[in-house]
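Two complexes are shown next, each including chain A; its partner changes from chain B in the first to chain C in the second.
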Partner chain A sequence: MRRLLAACLVSLAPLAAMAQQVTHFTLENGMEVVVIEDRRAPVVTHMVWYRAGSADEEPGVSGVAHFLEHLLFKGTDTLAPGEFSATVARNGGSDNAFTSYDYTAYFQRIAADRLDLVMGMEADRMVNLRLDEADILTERDVIIEERNQRVENSPSALYREQKSALQYLNHRYGVPIIGWRHEMEALGLDDALAYYTRYYAPNNAILVVAGDADPGEVRALAEKHYGVIPANPDLPPRARPQEPPQLAERRMTFRDPRVSQPYVSRSYLAPERDSGAQERAAALTLLAQLLGGGQTAVLTQKLQFESQIAVQVGAWYSGMSLDSTTFDLVVVPAPGVTLAEAEAAMDDVLTGFLETGPDAAHLERIKSQLRAQEIYDRDDASSLARRYGAALTQGLTVADVQAWPDILQAVGAEDIMTAARDVLDRRQSVTGWLMAPEVTQ
Partner chain B sequence: MIRFVLTLVLLAAALPARAGVEVAEITTPGGLNAWLVEDHSIPFVALELRFRGGTSLDATGARGATNLMVGLLEEGAGERDARAFTQATEELAARFGYSASDDAVSISARFLTESREPSVDLLRDSLIAPRFDDDAIERVRAQVLAGLRAAETNPRDIASREAARLIYGTHPYGSKREGTPESVAALTRDDILEAHKGALARDRVYISAVGDITADELGALLDHLLGDLPETGAPLPPRAELTLPGGVKLVDFATPQSVALFVQPGIDRHHPDFFAAFILNHILGGGGFESRLMTEVREKRGLTYGVYSYIADRDAAEVWTGSVASANDRVAEAIAVIRAEWTRLRDEGVTAEELENAKTYLTGAYPLRFDGNGTIASIAVGMQMDGLPTDYIVNRNDMVNAVTLDEINRVAREWLDPEALTFVVVGQPEGLESTVN
Partner chain C sequence: MRRLLAACLVSLAPLAAMAQQVTHFTLENGMEVVVIEDRRAPVVTHMVWYRAGSADEEPGVSGVAHFLEHLLFKGTDTLAPGEFSATVARNGGSDNAFTSYDYTAYFQRIAADRLDLVMGMEADRMVNLRLDEADILTERDVIIEERNQRVENSPSALYREQKSALQYLNHRYGVPIIGWRHEMEALGLDDALAYYTRYYAPNNAILVVAGDADPGEVRALAEKHYGVIPANPDLPPRARPQEPPQLAERRMTFRDPRVSQPYVSRSYLAPERDSGAQERAAALTLLAQLLGGGQTAVLTQKLQFESQIAVQVGAWYSGMSLDSTTFDLVVVPAPGVTLAEAEAAMDDVLTGFLETGPDAAHLERIKSQLRAQEIYDRDDASSLARRYGAALTQGLTVADVQAWPDILQAVGAEDIMTAARDVLDRRQSVTGWLMAPEVTQ
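Right, the complex of A and B next:
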């Protein structure tokens, strides 16, 4: 019944007992290194993460972290503008970068034997960037078109931007990563270079190499390329303005003629994962799953299956964050249901949940899915690389990342109820309605 | 904020030889063909099924039936209603994905070795014995309608809809696969049953599995999973006639940034000129930051965040297409630059250096794609849909490398067609006139 027609030599190496092993060490200049071994295919993902994102910007230059990320693809002392990506491409690789509130990261995905090449170029642009005014002007147009595409053309994105601004009174998480348009339009060379010299240094960076890489070889290459860059002794301590306790509920209604499907969403100010103390965040992670994670979740069952007030619901908690984060809910009402009715129905479900607590079997199902997740995740070394990079730029350690699955499993129903009562308090929430303009006669 | 998402990645000459993955082509005792890559390092299996036809099989007057049917497969099957089905899936920590495209119904499954049998039983129920309960139909119908409402005011969705209508007319490709609010509202349970019978049949299924399973185990699994599906389904749609008049079709919509799609006739992947055209597209607009369109429109002029092109080889039509988005006062210039580059490439061709760079990229990147069970399973089933043999994986780089400068420049002259290149623009662009009704 079985015929072997072809045996192709492509990629998968002989099987390893475990797909991944994680090694962690620090270079003498303070640069941390994480190596995630997955030897199944001759590919590596090489990433450098900086502990600097949009929330580390000075007031008045919003968007400069992301703008600088774009400018890092311009020239250095030894590379012409565009040569970085062109060299990666000529070697069969691809490269890109991304900016968030708490980090900026650059990565290449390339054949394992080209690690030396990309590491050399990445180390080069950590300190040797060369920019001129012409680079600045054209690239500023590009980021404004990026803002047009991601934000201005989408009422949902504009709504989320306004809502974040309302959520954070004092913390820079209230300012969009891409920047406020009027500030983006005024960004200059000096702004970008000031951010660059302040934050781009080995003692503010984390190297993550995932894939077909030997930790000893990675250490030797890292010492050769990154180890020779001196630490920046003037790196400022990472102390950003913190959010005060929220004492009064805030609300907004955002109207835009381009809205054809209205919805209501709410965010509650919530604690983040902290190193050595991730238990509350674990409880909130499970709470989000119980309330809105899939078809058997409480909000889904009550609002989509039973009352059919909603066509879609969701609950999210993003615990990976350096400072205070949010717990988020959304309800998309069925036709004929007003946003007031949808919101009231959502609050009824929350009130009911706070009285009865989670169903034990439901909680057990969520935990078994999280256990399985650890197995499925081993199939994708690049996403593990992102997990470690994000954790280490957001106040967590390798040990915290590795302890997280067990901490999730140890959460009990009472932990979840305590976290739910603390967080699901209207006084520390922002509720928004996204809708079309009222029709006037 | 990803700086730019690479759309197409594809091969490496200088890679170190590795003891390799074996793609085994198997036939089950029941007569089903499948591709298998065994890899026992992680205790799960990635299984991919594709049923050719997809939403283009919708019966006349029942547009959206296949899409709605696929959305209902996990909403109750066999003995279990929607809630019980999901509970059972969650208990087993299996993951099933069901989706419908113009050319295929796709099923993606991941299940752990320890719970393989009960997981496959569940998956089987969803394919063979979906219940299509009335309450589930109404719930999923409401979700589809909500999606259609949202798409009505999204400029990218409007551009796709209007481009499809212009190019494909009354062919199924000419309308949204989800249907219209009216057609979806009118769908009956019988329409859904008919769509199920028409779409999921053994004569059109393609199968790949990667991970912790042997050939014998897979054979038995597949016969159990798919053995009771009907032998044949609905007839596949006819070829689509393309209407590509050239010029610009403007769709007025109040939004600050115009979205433009551009389309000209494409090329079948089995045509002898395909590899040359494929490399040509990489140089034009398929690569990362180095393509001509990215260089001219973004890097030199800052007119857009991203511009790209690709060759879409669909079952019933081939087009060469792409997109760009620019502020209303700048999109006319972006379009003029794209047209000029299209014409320059046709008339002047590519340089030897551009061809060489494209080849090293394409040949270097190809093996990097085979880096996990999930990705390999997905590539393997796509190759079968495209009618490619398993040894394509080892021969592909040679086919890329065989393309000569003369050949690619002849293909540029013969295939690039700036006169037929048609732009559909949604927004309120300045200095742009509609030339197509």
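Right, the complex of A and C next:
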């Protein structure tokens, strides 16, 4: 309750002016450093982000970025396999890592006085990783099992994978982060080392430290641990194959006997947030909220409450992406409603929205929610660390991140309509039906 | 008429026994040589085939294989730009080149006593090409104009391009041979030279000489011109990313105001001819003939003659492909018939065929036509040269090419049904509608 009140009180102040104490600098070897001070508890989050994700892989070795992420928990010259995480845990901390299309990131959350320790270990595995064939065989089984669990066992996950492959005609966002199974099965030591040697270097990394940390002390530690690692002079420019014009509306039907709840989803190719030019992405962010964000959203109102055609609807857009991303819609039909009927109803709502535009009060309510959300988010140093790390690996700057809340607030109804007319173009879309197989009579 | 009679007379003899005099050997540097003797006229076809096509390109430089094919007509150390073709023409010959997914080939047809001349020039440009930035700028305009003519000006070509991109989720066959326009516009000298240096080498090439040529003399000339070129020790293994399981049926609708005749087409992912294992591909070859090859084919009979739903139908399959290929169907509806009706009618015919199987007499007639066709084809040394060159760049051997006619003849009705049930799986298919835009009332 106190938080809600605080949100209301600050809602009139420009949001950018409220930015945390964020310090940003670059080491001589090209490694960027972001320090987010939050001294309320003697804890730090230490993250290293590499500007290298699955979309930076070579063709034919899908999954190698994520595979390498696993392998970074094997040994180095001075650390035995598993010793990294064991050391963090022994010191009362936790650690993990994650891989996406545009980045791979490693993090630890630990007592502030252990920053030196984790930084030393993280810098060590940036360049001193030691892998052998046995590591490959063991860990490859692990990632294949991870694929079994997360993808093969889930019709929705398989559906999303096939759908992404249809959304992108040329870009590697069409290839799953975890990898195509047949390519994962063939991943070898050479593949992992090639990716490691090419991308793991200080001039391709961003250090983010959030929490009880003094920028001057972080700089001294960063110079001590990371500053001594030479830049990789052969780091390739980051230019992935871009999409050609998408000229033909696409559809797919995925049938799986394990599907109990069918649904229809639609994705449109959409622009991402670009440095210094985030306005279109801001308009799309609001559009997604207007269409599918919560109980008062247009799709929710029309399809769940009025016609009761749907039991669930959604609209999503995240502009956090280095290259073109998607604007996504989903409608889960009520019992007895076919996917064709659900889809037609969804399209009717879109058509109506494109004619009438957003309700002014609704738009204001969403902006106010976004302001409140922004305040809440700032309460969590780890989530801020993640926000900056993701942004800096996806082509944005610290200034872009700090400008974003005000850019969202400045979006007008006409901006949203322009963005909607641009993006909701069926020629750039994939419509998917997830359903159980037809019953043969 | 005499030809038809001849075809009938030979129809009982095993076709393999009738193979032309084909000589095959390999030079010490790894260059393969195929000589097809046909001494009826004092003319030779001289071809060099590279095991490198558009599907061997790096991501982001689509079109570079074809671009380089154009650039090979620029100068070398000893030939001025354009001098190659001018010299061929001055000697009464003709020359050209072509690029596909799996190969790039150069050929000349010329008086037999000029073989030494063209071989010398072809060997020269295999390694001595000299290109500068001016060549790139000029020729890049030429290939972009070629794309304008062949693709941008043709709704059908644009449709096929978008459809191929949907057919392949991972393999580079989804990228057009001529290239995506935005990538063609960025092709540079470095891209062309990288492809040239990597792939243009005797150990990645096949020489085919067909016509009035003695194998011993061809060998001597080949050793003189090509044998002196060192093999490229860095030639990469030819392993492209393969398809993951295709699990979801796909559809697309391409609308273009220039479309006057709409149609529906369907392509299924299908296996290619593999060395020593061509039986499935043979069954699919016959299946395409049964369904859509000529006036007595099943689709033609049912849709053009009986229901008159279609004005044209077709079925195609060519197993000549290094990796997975497609089995294709098309139905062009009669006036007043919708694409939905045409597609439903096509699917009814397929369902019926899968239940009843082929008519025995129809199958025999097709085999007999294939035998006759085989005889006719052997009459054309240039087309034989092309057949061997394509086969050897697509993973087949001389023995595979020679075995193929008999393998086709040995296909039984059950083989066809097994192949049909395997391949005509909607989950591996893309169905496309090409049509004019909807008229807004």
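In this section, the second predicted complex is superposed on the first by the 421 of 441 C-alpha atoms of A that agree within 3 Å, B and C clash if a C-alpha of one lies under 4 Å from a C-alpha of the other, contacts with A are read in each partner's own complex, and residues count from 1 in each chain.
To be clear about the criterion, a contact is a pair of C-beta atoms (placed from the backbone, for glycine too) under 8 Å apart; a residue touches a chain by one contact, two chains touch by 3 or more.
Since this is a predicted model, take the numbers as computed values, not measurements.
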Partner chain(s) touched by A:Thr78 [first = chain B, second = chain C, both, neither]: neither
Partner chain(s) touched by A:Gly174 [first = chain B, second = chain C, both, neither]: second
Which superposed partner A:Gln21 touches (first chain B, second chain C, both, neither): neither
Touching partner for A:Arg251 - first (chain B), second (chain C), both, neither: second
Touching partner for A:Gln409 - first (chain B), second (chain C), both, neither: neither
Of chain B and chain C, the chain that contacts the larger number of chain A residues: B
Partner chain in contact with A:Asp113 - chain B first, chain C second, else both or neither: first
Chain B versus chain C as contact partner of A:Leu158, first or second or both or neither: second
First (chain B), second (chain C), both or neither touched by A:Pro241: second
Interface residues of chain A shared between complexes with chain B and chain C: none
Contact footprint of chain B on chain A as seen in their complex: 1-19, 40-43, 66, 69-70, 73, 82, 85-86, 89-100, 109-113, 137-146, 148-150, 152-155, 177-178, 211, 257-261, 294-296, 301, 304-305, 308, 311-312, 332, 334-335, 365-366, 368-369, 371-373, 375-376, 378-381
For the chain C and chain A complex, residues of the former touching the latter: 59-60, 62, 158-159, 162-163, 165-166, 169-170, 172, 174-175, 180-183, 239-242, 244-256, 427, 432
Contacting residues of chain B [partner chain A, same complex]: 1-6, 9, 11-12, 14-29, 37, 39-44, 46, 82-83, 86-87, 90-91, 93, 95, 110, 112, 135, 138-139, 142-143, 145-146, 149-150, 152-155, 215-216, 219, 254-257, 259, 287-290, 295, 298-306, 325-327, 330, 357, 360-368, 370-374, 376, 389-391, 393-394
